[in-house]
Amino acid sequence: MTLRILATGGTFDKHYDEIAGKLTFAHSHLPDVITRARLTLPTELEIVAMLDSLEMQDSDRSNVLAACQRATETAIVIVHGTDTMRETAHVIGNANLAKTIVLTGAMIPYEIANSDAFFNLGLACGVAQTLPHGVYIAMNGQIFNWDNVKKNRSAGVFVNE
Amino acid sequence: MTLRILATGGTFDKHYDEIAGKLTFAHSHLPDVITRARLTLPTELEIVAMLDSLEMQDSDRSNVLAACQRATETAIVIVHGTDTMRETAHVIGNANLAKTIVLTGAMIPYEIANSDAFFNLGLACGVAQTLPHGVYIAMNGQIFNWDNVKKNRSAGVFVNE
Amino acid sequence: MTLRILATGGTFDKHYDEIAGKLTFAHSHLPDVITRARLTLPTELEIVAMLDSLEMQDSDRSNVLAACQRATETAIVIVHGTDTMRETAHVIGNANLAKTIVLTGAMIPYEIANSDAFFNLGLACGVAQTLPHGVYIAMNGQIFNWDNVKKNRSAGVFVNE
Amino acid sequence: MTLRILATGGTFDKHYDEIAGKLTFAHSHLPDVITRARLTLPTELEIVAMLDSLEMQDSDRSNVLAACQRATETAIVIVHGTDTMRETAHVIGNANLAKTIVLTGAMIPYEIANSDAFFNLGLACGVAQTLPHGVYIAMNGQIFNWDNVKKNRSAGVFVNE
């Protein structure tokens, strides 16, 4: 089995730009993250976008869907911003692909203290190998079906709809 | 679903004792780790031992097995030293419990830079919810059956036997 | 000798608010930072403000000056945003206090990977005990007099004027 | 002014070897540490040894003294293990060099959570530029003369003799 990881940006991949003095995007952290995870599982990393998910347009979601469609792997993890993770999951879920696709992300950027990013990626990489074909969101230690999940923004957690 | 997490020590939970100047065990990191993971999944943490797995005796493995047997949960993650993870997996595997039990650990302690611990725990917490009943080792992004896995000590990775 | 540390906010003390998804201020990191530094030097910490230095008003700088004036200690470190550190140093420098006052800060928040904050605080705490009375900026491993320093914003470093 | 930094190993520079499963020495962390500190102060780094200070022999201390003697810089920071920092300070102090030499170290290795290493290096780099010629130990936020300092090993702090 080979796992494909699609990076789209999101809180997970935000970077502090010390000259501008703000959080933005630079290179994805995912190459370093994958090395740190000591994966022996064959993995393909693809940078589809590097966007705050609140800025994602329909065309961006189409690009993510297209990356899923053209992937030769049947296990895919998508690193995505949490604010519109559900929307992207709907676009992919409605396409009914014969693949296991798991979206995950982070409440705190990977490079900031107390980040949940590394755990969430482990969670998603695990269940992408074991769940039946379908589209899922893996956050907060839980696995949600794409058509029964929403983010509770005031609590900062995902829950069943 | 409730997940039970059993701590047994291992590299994952080693702590630097600044007075003694060496790595040893103090309190488990797991309460902090679980908080950081922002789990909404109900979780029970149980400290079974706090041992380097090279020091584990048969009686310690019996204690781990007993903790699995008496657990009311059917999804269990065991945080364990990597050096004898396979041996403990064999003890539990041979007991044929109607539960999904996943052993994981770390090559670098949670509190040391570049640790894989947090990823591995995410991986294990995910697949403990999705795999059929059985005993597994989840390391290096992969899932191994208890009766077909060994640690390649010179490379520091788990492989099929 | 007792050292007084004045917190005013700045990049050093920024905190990622995971619900709002942005860098802001919460509690100062300085109590934790001081514990981590294992100071045996008697230290008084005073939170004067918790502000981005670009938002600092004249009244805020007057508050910082007043805190310096009423301090019974003659060694003072001020943790301050870098963008207007020079302006606050001028306000205090012109007051000609019989104290050694050292401003420092950070290019990357204490809680973000690769932060310079902890080093800079050590630098400032050292020279606040050894320099003659006066007002100084300690950044980039260097010590600058308050009336001969500016920030090179495109390079993100302090230089002589 | 140029600052010379001499690395000798010590707790500051210990590294976790994930294959051997223990703390040892590999490359010094100091090149990375110096980059992270964003020093504009010209700095020369010299690796004199990479030793636990409990293993230091007279010949090792002679090497450190020789490095101080041949240095063209008059400001020198020595990163050293804490257990025999006092002994090395005595060897250098008795040589009466016309230089400011500051020994520092760490109670927790740089790469382990909660390390004091980065603060201590900042402290030492500051006072090496401001103290009169002599030999000093800078630890715990304090500056000690070489002939009036000892480590309280049960408390893990330096105090006047």
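Remarks
By letter and in written order, the chains are A, B, C and D; residue numbering begins at 1 in each of them.
As a convention for this text, contacts are C-beta pairs under 8 Å (C-beta built on N, C-alpha and C of every residue); 3 or more make two chains touch, one makes a residue touch a chain.
These numbers were taken from a predicted model, which means no experiment stands behind them.
Within the contact network of the assembly, the step distance from subunit A to subunit D comes to 2.
In summary, no chain was found to touch both subunit C and subunit D.
The chain with its C-alpha centre at the largest distance from the centre of subunit B is C. Rounded to a whole number, the gap between the C-alpha centres of subunit A and subunit C is 38 angstrom. For the pair subunit A and subunit B, the distance between C-alpha centroids works out to 25 Å. In this assembly, the C-alpha centroid of subunit B lies 44 Å from the C-alpha centroid of subunit C. Among all residues of subunit A, those that touch two or more other chains are 107, 114, 156. Because contacts link each chain to exactly two others and close back on themselves, their graph is best described as a ring.
Applying the touch definition to all chain combinations yields A-B, A-C, B-D, C-D. Contact residues of subunit B toward subunit D in the complex are 11, 16, 18-19, 21-23, 83, 107-109, 111-114, 153-154, 156.
By the touch criterion given at the top, residues 3, 33, 36-41, 43, 107, 114-116, 118-127, 129-131, 138, 140-143, 156-159 of subunit D touch subunit C in their complex.
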